[in-house]
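Same chain, two partners: chain A is paired with chain B first, then with chain C.
Then we have the complex of A and B:
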């Protein structure tokens, strides 16, 4: 039997697109930039060069989605995050390839990082209906009052995705994104500009997980365009600067924090660029983008 | 209804103890003179009489205070929690012992009525130290990890509206968790903080654990920008909060902020009117309205607007404005000439923009800073008096028809510190409470505080919580 004539069949390339409001738009600029193999420098794909305008559109989408997502039951959010884990598991091979190319790893080394990303989604899926039980409190006030503190999501969170460290391109992204949405926030993510492909593909997983459009918005492009737009946007409530690497300039932690101060955004400062994203996350990120609301009511006959 | 005639029932000014003619700082366990020569004056706002001069802290003073706190941190943080806690218990007890003195001193320096300092401020101050004293040796059970560590040296800047209570909110959790502090009281109300320094000495608190440095915003700026501090805790205006956040940008220093507010107090048509009116009055006239969580926007359901306004005006007519040391006084003096000017400016804007102004007839003393309780009706959401924090005894009244509209109007502000709900319907309370973007929601009550109950804002009202288990987090390296 002769060999199949595979050489005659061309692979179908994927056009990588942004993920905004549950849809997959190209950048409004119509511009793309080249994404290359971390190890060989070979061309991999053209990624959309998301702009300030794309970022503002994403913030609008995130704001619009906030009411529904923050009002969804914690159980429902957990179901959806678990569904996202299922979808990611189903596309494991694709992500192994993308992570390997993005981080300059062999497929063998990339595979456990993808598995860890799946597991991390499962970990956060399980947290959704427990976080209020560890972050809330019944307060024994000295008077005839019922007094209860409960955590609520902060709002729209701008996330600068990790740009370095073990597993940053997918596991790192999931590790910063999942806690934000598990607690009911919505997110606009500035993807790692040098390794955006796993992140752009993550939109396809989220889009098929019953996650309402706009809860997660993924923008590839220059961090110095996207991050300052998030930091200065009045409708963004908080920033996770996990992946900030610039020492100075508009995309540095200092400048972003200064911009964020204008509307008193909550800011989580950068992670070390060599952070090992496989380490157990603990509850730090889960408890960061929460506001404590305390409700009083008199007791009486 | 006419006021009953009543005889003045003045508290004794002498109960405040001796007020020195000049004060320096409290650094490393000693009262010391400033390295600079500039002195500020603190006045009794009810008479404009100068009470004392105090030092305008210089950068060198700040350096010295921070160095003392840094030096003390090593041994204070290493002290067993149980021993740290016992110092705080001692402080709490001494505050109780000296509460009359402190209440009178606070009323004189701040202008707030003695019945508030005596019945609200001082009991809460002592309770706050008691509460956090008990945490000092139980931190590993607080939910912040098995070995929670202090942050280091905390720079704390507090406002003039609840001088000693804000000091307690800052110092008690900081010390319980093993931090040392440099605290700057407001420049119009330094006296109780300086008196507190004496209490630290009576309690035998190790030198340098608490340092009190006085001065105005320049001293505060030097303190919060100091390179050797590890954390800033600030209560005050949103504007200054922003400036501090910018100062700390790009550093590893921690920050907690408790800033302004423009709280909605929402009254539904099924609320018992008299109870609601008590809550409205408490919400806006408590402490002359110098309260960041004051219920300064009254949202009344349209169908009961007239009834509520009538009852409110009747009740306002019985409020007694005057001598803060008179035990009958409901509303004392405005804290400063600057604050009075701010209130006058905003109320003038309210009239100019077309809102309808009303105050009961009340005789105000000729000396001192005074402002009659005031209510504005026909206020629209775009008016300055509906958007800006007035921080005075001025209420803006708006109406709504549906719960959805009430929520939308209540949340239509960059602030998010507190809110009030008045209705007999339980499910509506819980629905409203879940929709209001505010850190504290009082339902069928208002302006209640307790050391076990976390306090702090959403949005531009700041971040971090003070009080309760949550209040530990701001001072732990988590």
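Then we have the complex of A and C:
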């Protein structure tokens, strides 16, 4: 009678859901697809199959969130990103397991990748109130004016999350997402279709980090549905093609760039599929999704 | 003048002329109207909102909806400049595309009517003025009449009046009947023509669907040219269900008297999808006779931008965004 029922207990599986507008909806289509263990091919979970409609809903949510997020002080954005790092740290074990299964690693090898993701969030949290110092300037002009250039966020950024390389499933995702939102943009992310679980779980961390709903939207599903929708949508201002792998077809970098050009988007080209996401990121991604605003102000007033 | 005599002729022919002869007979008539099954009504309204309208039908619906809009600005902070830019938008909603139809009217406060008339020039767009102590309707009759007369004298083509909901809810129906009839008279111009009278019920404050039906009949008996759901200034504005009550009332009123009255849902209609639901309702409940800007209007401000974005999507295949329409 001392240990009667433990063997009979049923596993409670997690229902992975999208993260759109601060909420966790299932896909509008109601469909899911199977996510498998990278190494053994065994079933891991059902992930929602996000559709073009889900993507458009996410773009509206991101647009709605843009005003508040871009208007928040850089200090506040930094605090929130740091809070996300704290939350991620608190759920380290879960992410280690998910990253290990998603990338076919041992838990021992996955652990430093999760730690690096936490550190990367902290690193970008520090950048929020410093980026204006390196991207802005007081310009010398021939007149009695102050002439100041300041970086402003571009708007809604579509991101194709990394689909390969060391640490792509969580560290890679954080490395492309954090620089976008650190400067005040809002993001719609197409998660890696083969390894969406760390990304879908990241939504739960962001939702409990005071991040306003809609600033980050995470969609799992077929890249060929989601990425072209982002590329052609007139209400998306920039596109990060980091994880694009297709050589041909509507989800190839070429076709996406053509679609993005129709609406004059800023585009960041794909990273190599074997990119090592543990290397120091530099400020390139941070500075890409900015626009410069220059103001003239009379001197001596 | 001739129109009002035909109206009373129609009412007499249908036996409704004596209804408003006394408080008691008016009450007997309004309370004798059939009751509304609220659950059935909501189910019917929801059912009519499920139709899928795509491609060419959607393009037609979008243009029809644009041509039915009373483009509205009713803010305390309205300025002549804001009214002028609203009028430009009414004339030419999408500056990059001259094919887009103009709206039916612009709807402003009475003191803004001269600026709107001036800005619209000869364009075939009406100027509607809200009058009678809009939005609360809490003022004495002389004030309401003066408010209306000022709007009509300034050139308003349409007058949107509010009823006194307090009087309605306390059962003083004849008072409202007489108010509407007086305002109707104040809408007449010296040359014998008259501004169109729209009567706003503020359905969100009438509590029950039965009350909305009573208010509809009351306004139509008193001579309303249009009946309108809401001011847009309270929490509950136009909903499909309460607009459906108005539609059934105008349909029944025409079959009883032969007089056709227009319907205007206002407030809370913001998306193309919402607008198309209302158009489906008009088509199903009222039919083609009402499917024109002369008989059906949307009181809206932000709806126009959503319609334009959907129109751009149909034309270009790309989903549009607020960067591609004017800020207002």
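Just so we're on the same page, the second predicted complex is superposed on the first by the 293 of 301 C-alpha atoms of A that agree within 3 Å, B and C clash if a C-alpha of one lies under 4 Å from a C-alpha of the other, contacts with A are read in each partner's own complex, and residues count from 1 in each chain.
The rule is short, and it goes like this: a residue touches a chain if its C-beta (ideal position, glycine included) is under 8 Å from a C-beta of that chain, and two chains touch if they have at least 3 such contacts.
Please read all numbers here as calculations on a predicted model, not as lab measurements.
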item	value
Chain B versus chain C as contact partner of A:140, first or second or both or neither	first
First, second, both or neither for A:107, with chain B first and chain C second	neither
Touched partner set for A:269, first chain B, second chain C, both or neither	first
Partner chain in contact with A:235 - chain B first, chain C second, else both or neither	second
Partner chain(s) touched by A:260 [first = chain B, second = chain C, both, neither]	first
Contact residues common to both interfaces of chain A (with chain B and with chain C)	262-263
Chain B residues touching chain A - in the complex, by the definition given at the top	127, 143, 238, 241-243, 245-246, 248-250, 252, 257, 259, 414, 429, 433, 438-445, 448, 450, 452-456, 458-460, 462-463, 465, 468-470, 478
Touching residues on chain C, where the partner in the complex is chain A	312, 317-324
Chain A residues touching chain B - in the complex, by the definition given at the top	134, 137, 139-143, 145, 147, 149, 154, 237, 252-258, 260-264, 266, 269, 284, 291-298
Contact set on chain A toward chain C in their complex	56, 59, 63, 229, 232-236, 262-263
